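Two complexes, one shared chain (subunit A), two partners (subunit B, subunit C).
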Partner chain A sequence: MNAVELVGVSKVFLGKNKREFRAVHQVSLQIPEGEFFSLLGPSGCGKTTILRMIAGFELPTTGEVYIQGEQMRDRPPFHRPVNTVFQNYALFPHLTVAENVAFGLEMENLPRQQIRTRVGDALALVRLNGLEDRRPRQLSGGQQQRVALARAIVKQPQVLLFDEPLGALDLKLRKEMQLELKHMQQQLGITFIYVTHDQEEALTMSDQIAVLQEGKVLQVGTPTEIYEQPNCRFVADFIGESNFLVGRVIEQDSGGVVVLVDETLPISIPCSETFPVGKVVTLVIRPEKATIHPAHYLDQPCLAGIVTEVVYLGTDTRFVIRLTPQSTIVVRRQNIYRSNLDCFAIGESVQIQMASDSIQILGEGQLLPSQTFTASRRENR
Partner chain B sequence: MITSSLEKNQKLDRWTRIIGQRLLELTAILSIIFLYLPIIILVIYSFNESRLNAVWRGFTLKWYQSLFEGVAGQADIATQQIWNALFNSLWVGGISTLAATVMGTLIGLAMERFRFQGKSALEALLFLPIIIPDITMGISLLIFFSLLFQLIQTLTGVRLVLGLPTVIIGHIAFNISYVAVIVRTRIAELDPTLEEAALDLGANEWRTFYRITLPLIVPGIISGALLAFTLSLDDFVITFFTAGVGATTLPVFIYGMIKLSVTPAINAISTLMLVASLVILVSSLALQRQKT
Partner chain C sequence: MTHPSPSQTLRQKINLSILLFPATFWLILFFLLPLLIVLLYSFLERGTYGGVSWVFTLENYQRLINPIYWGVLTRSLNLAFLTTTICLLVGYPLAFFIATRPPRWQNTLLLLIIIPFWTNFLIRIYAWIIILRNEGVINTLLQSLNLINQPLDLLFNSFAVSIGLVYGYLPFMVLPLYATLEKFDFSLIEASHDLGANDLKTLIRVVLPLTLRGIVAGSLLVFIPAVGEFITPDILGGAKSIMIGNLVQNQFLGARNWPFGSVLSIVMMAIVLVPILIYFRNSENSNQF
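Moving on to the complex of A and B:
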């Protein structure tokens, strides 16, 4: 059974001047039980609205939310088997840590003794014993975050919702908490639905990721699927770094296609999908999947270009290589040795080698009119 | 040569700065004296032996004593009347504060938490009692009551007259605005996700209000109530128009007495009220400052 299922959910807000704003559009998602599921997208993509509809703070304009197979339309937040960890933690400032955590259990009218044990257990789980009598404002950001987590976990919900819970923490603490959350989820076995705009965070923690843009789900898949087989340009662009080369299919056979980029550069790619000759497609190449060699280093046919930019980044070096007058490609090379940092200079001719299956073809793309066949690229991330 | 002229300049600068500072201090002190001297004189004369306010005849506590004899019912008629007026004032203040606090809090909540038709109009109307002159409010209330009473008399034959109940209604009318405005600022500072968190943790709307919202806005409510109470105790104009015969509050009574003769007992009771107001004011400010 799915822990949470959304069926054709849309949300339209009425803004000022009665202007309609469509925050979420026709979203259908199945979130299996016990999974760490992330909703990933840029700000304003509707991910938080989806979370709020699951929690019950917003009602879908159309469509239905099911939690454990039950329809939730008429269920207020306090009757839903989910709990939320809020972005700003939303700890009750007039209550102590222990009272904050106990609040949800008191609402269930549990016996006092049981509340005390469960609060103790929850605080132990987030390693906050000894701070029971502090007020939220006497805690650090990381500690507040843990209290918010304990307050939600102590309710033993079927589903835990997270609204960018680590956004306010510094990088190091955030990385720590990511792993801790992941371990906690595996240990407790509850479904986590996690809203974030940080693609790295989503890749680190999730079993499945749904990528959203402008209220629509673009792709749902495991981190590997999302990264290695993005189904559209936005996903490829949003998650990690990608090179995009736009071209026209000029040959097609059972083994693959030949794509002509910028009318001058033919690239042959093995693929099982069929693209009709003449179709405009986009090639997606991850910078780390290409290797760079001196000119004439390889006998086999491969891409050739001229280095136009070299950026040393510590763990790796980033080369921008011009393939055609209109298109460049970014290649990253890990700095395995300490000495060969500058073995390619600007202006040097190089060869680029790629495993033949590391190029992804997207059946979308737009050739720019007339002379500028500029394949757009991402040079600055 | 150059250094000495520079030193001279610096010296001059220092002197102008010091003189400027002194002048500023002097102005501040003078304004404070201007504001508070009359009050200080009032307090001093409440300890005056003489029956007349003009002359100082030595220190006494007899006016305070006579006030407290008034409580025991042993004082002269005038003192007795002062006490009656004070009790009227406290009664009017208490009831109107209670009613205005409840209604003002609810309005403040509605204004801050909900969207409804005519909200901006209500917002403007809410400020009206604060900004319109008391005299306008007093007259309009008087006309309203006399029309209402006429209507009731023609419909039911019951004849109603002005009295303490009408004063209380009048005071509620202007106090609601003050309470609503103060409570509203407090609610505006309140993070709405706190209420969502409570709902999320299984509290229904009522328990959320009772356990989370209310405790967090209580300082605002109390400080609104204290302000309402002092305003009510203090009010003369609106009370004067809505009181009718026999429903005399302290300010109205004192006004009446001045025309005849002022017993220094008035000074004494004013001093006591001053002290009470100060206590209320300070605690109201302290509550407003208290952080959530």
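Moving on to the complex of A and C:
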């Protein structure tokens, strides 16, 4: 059974001057039990609205939310078997850490002794023993985050909802918490639904990721599927860094296609999908999947260009290579050897080798005379 | 500000006292000094034509034993308490409503709360006579609807005084409540709902405790002046709804017994001091979060 299922859920908000704003549009998702499921997308993509509809803070304009197979339309938040870890933690400032964690159990009218035991267990789980009598204000951001987590976990919900819970933490702490959350999820076996705009976070923790844009689900899949086989340009662009080469199919046979990029550059790619000759397609090439070589290093046909930019990034070096007068491609090379750090200089002619099975073909794209090639970075958006 | 070195502290102290001089001067001249005069007068004998004669006595305080004064005092406290309660019950939902509107609406609604202040208090209280009297708006309306045969006695009793007090002091309740609720983090309500608390439990366990400061501040701002109020009972109340403020006014102006008027003032202040002390203790506690 699915822990949570959304069936054709839409949410329309009325804004100023009664202008309708469509936050979520026709979203259907099945979230299996015990899974770490991430809703990933840029801000304003509707991911938080979806989470709030599962929690019950918003009602879908159309469509239904099911939790454990039960329809949730008439269930207020306090009657749903889910708990939320809020983005700003929303800890009760007038209560101590222990009282905050006990709050949800007191609402269930459990016996005192049981509440005390369970609060102790939850605080031990998030490693906050000894801070029971502090007030939220006396805690660091990371500790507050743990209290919020303990407060939700202590309720032993079927589904735990996270609304960008690590957003306010610094990078190191965030990485620690990511792994800790993942371990906790595996240990407890609770379904986690996790909203984030951080693609790396989603890749690190999730069993499945749903990528959203403008209120719509673009792709649902495992981190590997999402990264290796993005189904559209937005997903390829949002998750990691991608080069996009737009071209026209000029040959098609059972084994694959040949795409003519920029009217001059034929690239042959094996693919199981069929694309009719003449169709405009986009090739997605991850910068780390291309290898850079000195000119005339390879005998086989491959891309050739001139280095225009070299950026040393520590673990790897990022090269921008001009393939044709209008267009460039980004290649990253891991810095394994110190000796060849400076081996490609600006202005040098190079060859680019790509495993043809690591190129993803998208049946979309527009041929623009000036933008046939684009290298775009996620960070630039 | 960083921790000042000792020499800085002295200079800062001097600067501070210069800056605070006008306020200190004002408070000493117009607050502390009159207060001491009132305290002094309460131990003196009354003069023949008003004023005081400089003879020490405790007689004025002994007069308080008379149950008539206790009746007035009790009524004052009751009326003030009732006024505060009604103001709170009406004001809290109102302040909550205003604080949850979009920002552009909040200012307009607050303006509507404050607008009555632009009219003189006396005139506003007199207006209630027109509403409440036998030929007034309410009675005329009820009679024309044939709901009553005889006009209701709405004026010149404690009921009219309560209405006047609630009307007059409601803004003093709403404004501090709004100030507190406006800062209230409404995501805490969602957190409470999320943890299984229904609306009532959320109100009792989360919203009220976190807005207690506003509740206490508003209640004091209503209770304290309401206890000593004399204009509203003077205009809307009859002989039976006299409050301690009327008594003080009467002793100074009518009976020309300044010492006894001073005693009544001091008793009133002592009573009012109790909630103020509670307030300070409360604000010390709430400093913890």
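Just so we're on the same page, the second predicted complex is superposed on the first by the 368 of 381 C-alpha atoms of A that agree within 3 Å, B and C clash if a C-alpha of one lies under 4 Å from a C-alpha of the other, contacts with A are read in each partner's own complex, and residues count from 1 in each chain.
Keep in mind that, in the parts below, contacts are C-beta pairs under 8 Å (C-beta built on N, C-alpha and C of every residue); 3 or more make two chains touch, one makes a residue touch a chain.
All values derive from a computational prediction rather than experimental measurement.
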{"item": "Clash-or-fit label for the pair subunit B, subunit C on subunit A", "value": "clash"}
{"item": "Touching partner for A:Pro77 - first (subunit B), second (subunit C), both, neither", "value": "both"}
{"item": "Which superposed partner A:Lys47 touches (first subunit B, second subunit C, both, neither)", "value": "neither"}
{"item": "Touching partner for A:Arg332 - first (subunit B), second (subunit C), both, neither", "value": "neither"}
{"item": "Partner chain(s) touched by A:Arg135 [first = subunit B, second = subunit C, both, neither]", "value": "second"}
{"item": "Touched partner set for A:Arg318, first subunit B, second subunit C, both or neither", "value": "neither"}
{"item": "On subunit A, the residue positions that both subunit B and subunit C contact, one per complex", "value": "55-57, 76-78, 82-84, 86, 88, 90-94, 103-104, 107-108, 151-152, 155"}
{"item": "Touching residues on subunit A, where the partner in the complex is subunit C", "value": "55-57, 76-79, 82-84, 86, 88, 90-94, 103-104, 107-108, 135-137, 151-152, 155"}
{"item": "Touch list for subunit B against partner subunit A, complex", "value": "191, 193-194, 196-204, 207, 211-212, 215-216, 292"}
{"item": "Subunit C - residues contacting subunit A, complex", "value": "185, 187-188, 190-198, 201, 205-206, 209-210, 286, 288-289"}
{"item": "Touch list for subunit A against partner subunit B, complex", "value": "55-57, 76-78, 82-84, 86, 88, 90-94, 103-104, 107-108, 151-152, 155"}
